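Consider the two complexes below, in which subunit A is the common component and subunit B and subunit C are the respective partners.
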Partner chain A sequence: MADIKYSISDLIDDPSKKIKVVILQGQLDESNVDSFAPKIYEMINSMEPQTSVIFDFQGLTYLNSKSIGYIADFYNQITAKGGKIIIAKAANNIKDILNVVGMDQMIPLTQTMEEAKLMA
Partner chain B sequence: MNWKIAICTILAALPAIIWSSIFLRRRDKNFKTYFWVFFGGTLTVLPILGYQYVYLKIVGNNPDLDFVAQLKNVVTGNYWIVTLYAFVGITEEIVKFYIVKILDQRNPEIIQTINDSLKMGILSGLGFAFAENIIYFVRILEAMGTQGLIAPFIFRSIFTVCAHLIFSGIFAYYYGVSKFSKDFIDFKKWQGERVSILDYDNFRRKYVTIGLGLSMGLHAVFNTMLSISLPNNVNILFVIFQVIFMFLFLKYLLNSKTGNLTFILANKFKSSMKAEDEDVVLELVGMWFKQKKYQEVYDICQRLERRDPDNNVVKIFKSKSFDALEAAKSD
Partner chain C sequence: METISGQLGNAGEQKPVEIKIELPTNSYFMSGIRDFTLSLIENMTDFSSQWAYRFQSVVDELANNAIEHGSGPDDKILVTFFAIPNQEIRIIVEDHGHPTDPKNAEQVMAAMQANKNRDKDQFSIRGRGLAFIIDKWTDKLEITDRPNGGLRVCVTKFLNDEKFKTVEQSDDPKNLII
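Showing the complex of A and B:
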């Protein structure tokens, strides 16, 4: 079973924005993605409307196809609540996959956390 | 005698030209190839003539060896006619099939799409029908004169020629699918189906068998219906509807995006994506295809094709999703 560590926190730098940050470390694959995804759904359900979510992918080395499917679904649910979703600091191979899949046309990919905060 | 053959050859050529212009409008392969396949098709009448020749040669000298007469004692009446015509139809399909197979084995680069194969089958069938028509027309002209030739000429030109090219078109379509078995198996694999090494060969055999079985079966039914007589010409009506239905089916196969997609036989361009990353994308494409998210699959395949232009599986996903989107539009 591949290892995935995650943390969810509120960003309180800018009181005018409601932002949640999900930091991921490890690999998202068949062995763990189905147990990881419900935590995010739980977060989405409990967060206030117009809350944006930044996924920090710096520590993520691999994501499988199912994970992309989940990200697309997170996007739908977050935008339905008036929020935004941003992926920050993704490795080149992950950016490459998201680009071919066309995810970058829906979800902004940023190099830094600062850029992501500005977009949120 | 010679002028009769000349006239009958011209008459037989007319439907061949008209039908070929209907099915082979786009000249995507050179005329020389078309000509040789057509010519090969004309030679497929030889086994049937060969049967007759050998039979007459054997039985003519030794009436005791008339195995046909002995067989007729066992299979009698209509059953004999059905057996005979079914046997002739099946033999013709096998020979026409070998024309396409031999052409492909010698020049694999000619069949790069399923429709290339289908068109070669059509030409092989047209060649056969052309040669068979000459023989029939000469026999009818000699027996019944010019007046007697009009009705058979019209019926054979429209229905018999069309039926022949459809029979061989159908087996050639399935032969085309079998030729690209590896890509079609991979297409299934990416949708999450379990695939073993044996599946590649099984798939190939299965599709050749389906194609040949379908064409032989349809041909046998066609011949049988023409050989019997039913009240109110029901058998003729059946044949007419059979040909119309098969014609529409063949047109559908020819127009489908999947049929037209070009398979790359040798990879010229390397993918600009890492293999493991491309696998993730293909896995997603397979998953979404299964979930009928055809627009997403089509869009991803378009982008992936730019990165990996020689990937046949991507082409299959793209064309299948295109066909599904088109079908949804027309519903």
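Showing the complex of A and C:
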């Protein structure tokens, strides 16, 4: 089974914004995404309205199409609550697969966490 | 993971290489198959890293589709890697069909076409693998019915295309360079 580690925290740099940061490390694939996704749904359900979510993908080395499907669903749920979703620091192979399925047309990708915070 | 047969050639001798791997229908083994695919691409082709990662995704998506949609519990799928050095690399994935909801090749092709035409925000969790990742990152895609049930999906990437050896240059930040 592929290994995936995650952490969820509140970003408190800017008190005017409500931002959650999800840091992922490892590979997200068919073997683990169905176990991982409910953690994010739980986070979204407990978030206040207008909360944005930054996914820090710096440590993510693989992403399959089903995982992208979940990210699209996270996007729908987060934006429905008035928040934004941003993907930060993704490796080139991750950006490439997000690009080929058109996900980069829905979700902004940033090179740095600072850019992501500004967009949130 | 159980290797049922293998024939390794030397790339310098230009002999075709065929490796067959029989997999239980459990995604537990897929990270190993991905690692193997990267190693195969590095040893058999002049692909850039970008294309090596792309082909890794293609193999992963093909196998996952066969496991989820073309197999039952305790079933097996067969993944065949076939490479003619400096000419082409071919991946064939064969399944036995889903026991309660089997799909034939025509139905799968129709579903793929529907997904290709779907708006990006109208997808369910599934549907992007075949319609985008496999279709856009391979040169030839053939889906056929197997005589005793199940599907045979064969993808080919031709190696003698110069564009796969170098990464496209562009000012567009979406044109990714590895």
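Here, the second predicted complex is superposed on the first by the 120 of 120 C-alpha atoms of A that agree within 3 Å, B and C clash if a C-alpha of one lies under 4 Å from a C-alpha of the other, contacts with A are read in each partner's own complex, and residues count from 1 in each chain.
The rule is simple: a contact is a pair of C-beta atoms (placed from the backbone, for glycine too) under 8 Å apart; a residue touches a chain by one contact, two chains touch by 3 or more.
Just so it is clear, the model here is predicted, and its values are computed rather than measured.
With the two structures aligned on subunit A, subunit B clashes with subunit C. Within the superposed three-chain model, A:2 lies in touch with subunit C and out of touch with subunit B [touch as defined at top]. By the touch criterion defined above, A:70 reaches subunit C but does not reach subunit B. Of the two partner chains placed by superposition, subunit B and subunit C are both touched by A:93.
Set side by side, subunit B and subunit C differ in how many residues of subunit A they touch, and the one touching more is C. After overlaying the two complexes on the shared chain, residue contacts for A:25 are found with neither subunit B nor subunit C.
Of the two partner chains placed by superposition, A:79 touches none, neither subunit B nor subunit C. After overlaying the two complexes on the shared chain, residue contacts for A:106 are found with subunit C alone; subunit B is out of touch. Shared contact residues on subunit A (touching subunit B in one structure, subunit C in the other): 64-66, 68-69, 93, 96-97, 99-102. Chain contact summary for the complex, subunit A toward subunit B: residues 63-66, 68-69, 93, 96-97, 99-102. Those residues of subunit A that touch subunit C in the shared complex are 1-2, 27, 29-31, 62, 64-66, 68-70, 72-73, 76, 92-93, 95-97, 99-106. Residues 27-28, 30-31, 34, 49-50, 53-54, 57, 60-61, 64, 67-68, 120-121, 123-129, 132-133, 136-137, 174, 176-178 of subunit C touch subunit A in their complex.
The touching residues of subunit B, counted against subunit A in their complex, run 273-274, 277, 280-281, 283-284, 286-288, 296, 299-300, 303-304, 307.
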